[in-house]
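Both of the next two complexes hold subunit A, though its partner changes from subunit B to subunit C.
Now for the complex of A and B:
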């Protein structure tokens, strides 16, 4: 469906994507990366909005740059809000559907259908200025699916959505995937993407750092050097146990707070084994978590692995 | 692509037809007849036809600066660029759709202003011997030609410089359309104002206060060298087509970055 061959995109001296090579078959993909990692650049390359500085991009076997036929096979839900205060949702989606070459009456029908799918029928004739953020996001989604594309690309679709909106968006995307339609979902929040069970593409600093199923990626992440915070009733004793049985880079004990921060090269081994050893030693653990929870931290670790500064264990 | 251009025109018209924008257009249209009415009573209006042309031309250009130059930038700033250009022929539809809207809107505003001017002015103080209806016809034609060619030129600036398009357009007008047009040499013929002026002089001869138009025309011809009308029309048409073709080429081949893109 999509192939990148040693694709690099430079914005003058700033790197958008750096030597990316991948081959995506039809299916669901989660494009994960922190803000500014190159996700939107990758999407723009797929859509032919920009040209690669080096390498090639092929979408459905064609070069996407200025390829009009290709654009009707793709639906884009960008990470921006529609800004037409006096226009109704229906008029806006109809207008954008007409731009795909459909006659006004047909485009109107298609727009109504798409708005019904995203649950916006009740408000489609109201001006968009009266919409909540979630309603606008659903309207943006409607314009992307009105022509029933083969590939749907969503850039940060969960931005600004309330919990109900997130659940509804996830349900819609799950249904989309179940219909065997292709999907690329760009996000910087892992669990939002994981719910769809897509293949994951991890990107940071414009580089594709890892790819695979959620299990494979979790396994990679668990194998990365990581810091673990443990809260227990006997931190000194637990610290001794940790250094005795596991590979520990650094350990920091805060006896007053009852916590220890352990930096280890093999977090998976420690996370699975240490609680049992603590229980045997009569230590009660009340909290155990990775201190590097943010995707940004995980990506910086992956970046170090990519550069060869850190090696994966296990 | 025709469907897309029509869709852009209809959508833009829907956006234009707001009370606020119609009020601005009304103020612009009323300004020339108001000036003519004020100046008619003072006796300083020696060349009324010329003055009407200047006033309505200014309104036309002002309107084009507002509608033609921000063709790309308004879409980038309004965050609608990505939505429209992810459609087939989206870029060309923006260019031509907005161009046609700019031509229609600017012509309409300046034409209403010019028509009102001719309604309020007395036939006696006009320099030309032609009846008002004929002057109206010729001035309408000149305004239509001016809207068409300047909209193409300003659209080109909008496509190549975006953010500073208005400044560039004003600079171009001052340097080429005013300064260069006054030079009685080949370089002056690059200015579209020269061709428009020549067409006007050939049709509405008002350049001499004593109404000796044939003498005035001869003097103008000696100084600036008037071509036949069809050649002036050809020059204007060539400039329009060239500017639109160049704009189409640039808008198709250029990467435009939205704020989101510039953040990578």
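Now for the complex of A and C:
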């Protein structure tokens, strides 16, 4: 579906994307990276808005640069706050659908259908200024799917959504994936993307650091030096157990809170073995988690691996 | 059992032509502009001056159609010879033309260029006079009432056109469709251009047709055939730089009110400065033997005002300003302003994807 071959994009002296090579088959992909990592550049390359400085990009077998025909096979839901006070959601989506070349009446039908899919039928004739943040986000999504694209690209679609909105958005995207349609979801929050169970593309500093399933990404994290937080009823005793049986770099006990932060070189071994030893010693563990489970932690770990500072164990 | 393909199927129906797709942006923009009550009022107001100018054309044609004796009233003479008869007849025609010109001048006495009507009467030919008077009417119509309405309408409509897209980063939405940056720009430029056409080109053409309908015979068409072209030229001279400059202001900010302020400031302050230079020197130009150099001085300073610069080129197009060289600076200024505005505007609307 999409292939990048040694693709580099430079903005004068700033690197947007650095020597990216990948081949994406139809399916769901989570494009993960911190802010400024090159996600938007990658999306713009796919949409043909910018030309790579080096290398090639092919989308559906075609060079996307200035390829109008291709754009009607793709739907983009950008990270924007659509706020056109005097225009209703229906008119706005109809207008944007007409820009794809559909006649007015057909575009209107398509817009109504798309707004129904995202659950906006009840408010589609109201001015957009009266919409909540979640409603606007759903309207932006409607304009992306109104022409029934083959590939849907979403840039931070969960921004500004309340928990209910997030659940609804996730449900819609799951349905989209189940229909065997392709999806690229750019985000900097791992658990939002994980719910769709896509293949993950981890990008940072314009480089594609890793790709794989969420499980594979988590296993990388678990196999690397990591900091673990444990909450239990006897932190001093548990700290003694940890230092006795595992390789521990640093340990910090907060007796009043009943927590221990352990930095270990082998988190996987500790995570699997320590609970059993604690149980044998009569210690009750109420919480066991990595303190660096954020995406940034994964990226810092991956960067360390790339620089050769650490090696994956296990 | 046949297995049906239920996978993705691309749209196979008809699509609109790529070349006219930008018009969708214009259509939506114009429809959106008309939703504003103030815009509707301004449009209505902008058509009112046509009544005054239409009446003037009506009066002019009616008087031109009258026999000379009726115009001159009790003026009479005793004929002595054929030669005297001929000379007296020509004199009568000339006096009649002056009477008509003075009648019209009284109606337009509030306009600074009303003397041009008296000059028109100095010609020996009624047909030439008709051309000059019609040109004057059309030039004044476009220069004063429509000029002011252009300022107001652009100030009402244009500021949010691009600034709203800048604020909401809507460029990404446009460019993820089969719309190029140039088409986006064309669509946006055509919004104020269409509305300005409605208050300049269309009523001016209406005024011209109104004049034709009141004409005594078809020869009037031959006398004035060039005026529609001059109207098109004069409206283009106004609309192109005005649309480009105002859209540039809109593209420079996320806040449409700043764009509106910049527009009124450029137009208003420039005109005030120009009037401050022009009015004190107006008397001197009339009285002073050195009037020509004062006129050159004030002409050069007219460049500070966009309104005055456009007006001078429009006057030249209608033949009220005879010397082409005197309007070259104004024309050059408008061309440079339009080109720079367009280039800058294009750069601004390309910037969001250039990062």
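As a convention for this text, the second predicted complex is superposed on the first by the 306 of 314 C-alpha atoms of A that agree within 3 Å, B and C clash if a C-alpha of one lies under 4 Å from a C-alpha of the other, contacts with A are read in each partner's own complex, and residues count from 1 in each chain.
Here is the rule we go by: a contact is a pair of C-beta atoms (placed from the backbone, for glycine too) under 8 Å apart; a residue touches a chain by one contact, two chains touch by 3 or more.
Since we're looking at a predicted model, the values are computed, not measured.
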Will subunit C clash with subunit B on subunit A after the two structures are superposed, or do they fit?
clash
Does the superposition put A:47 against subunit B (first), subunit C (second), both, or neither?
both
Looking at A:206 after the superposition, I want to know if it touches subunit B, subunit C, both of them or none. Which is it: first, second, both, neither?
first
Which of the two partners, first being subunit B and second being subunit C, lies in contact with A:38: first, second, both, or neither?
first
Should A:256 be classified as contacting the first partner (subunit B), the second (subunit C), both, or neither?
neither
Answer with first, second, both or neither: which of subunit B and subunit C does A:98 touch in the superposed model?
both
For A:280 in the superposed arrangement: first (subunit B), second (subunit C), both or neither?
neither
By the touch definition at the top of the document, which applies to A:13: first (subunit B), second (subunit C), both, or neither?
neither
Just name the clashing stretch of subunit C against subunit B, choosing from 184-192, 256-264 or 292-300.
184-192
Show me the subunit A residues, by the header's touch rule, that subunit B contacts in one structure and subunit C contacts in the other.
11, 16, 40-41, 44, 47, 49-50, 66, 68-69, 71-72, 74, 76, 78-84, 86-87, 91, 95-96, 98-103, 143
Within their complex, state which residues of subunit C touch subunit A.
7-8, 10-11, 13-16, 18, 21, 24-25, 28, 32, 35, 164, 167-170, 172-180, 353-355
Under the definition above, what is the set of subunit A residues touching subunit C in their complex?
11, 16, 40-41, 44, 47, 49-50, 66, 68-69, 71-76, 78-84, 86-87, 91, 95-96, 98-103, 106, 143, 147-148, 150, 180-181
Please name which positions on subunit B make contact with subunit A in the complex.
3-4, 7-8, 10-11, 14-15, 18, 78-80, 82-90, 93, 252-253, 255, 257-258, 260-264
Using the touch definition up top, name the residues of subunit A that touch subunit B in the complex.
11, 14, 16, 35-38, 40-41, 44, 47, 49-51, 66, 68-69, 71-72, 74, 76, 78-84, 86-87, 91, 95-96, 98-104, 143, 206
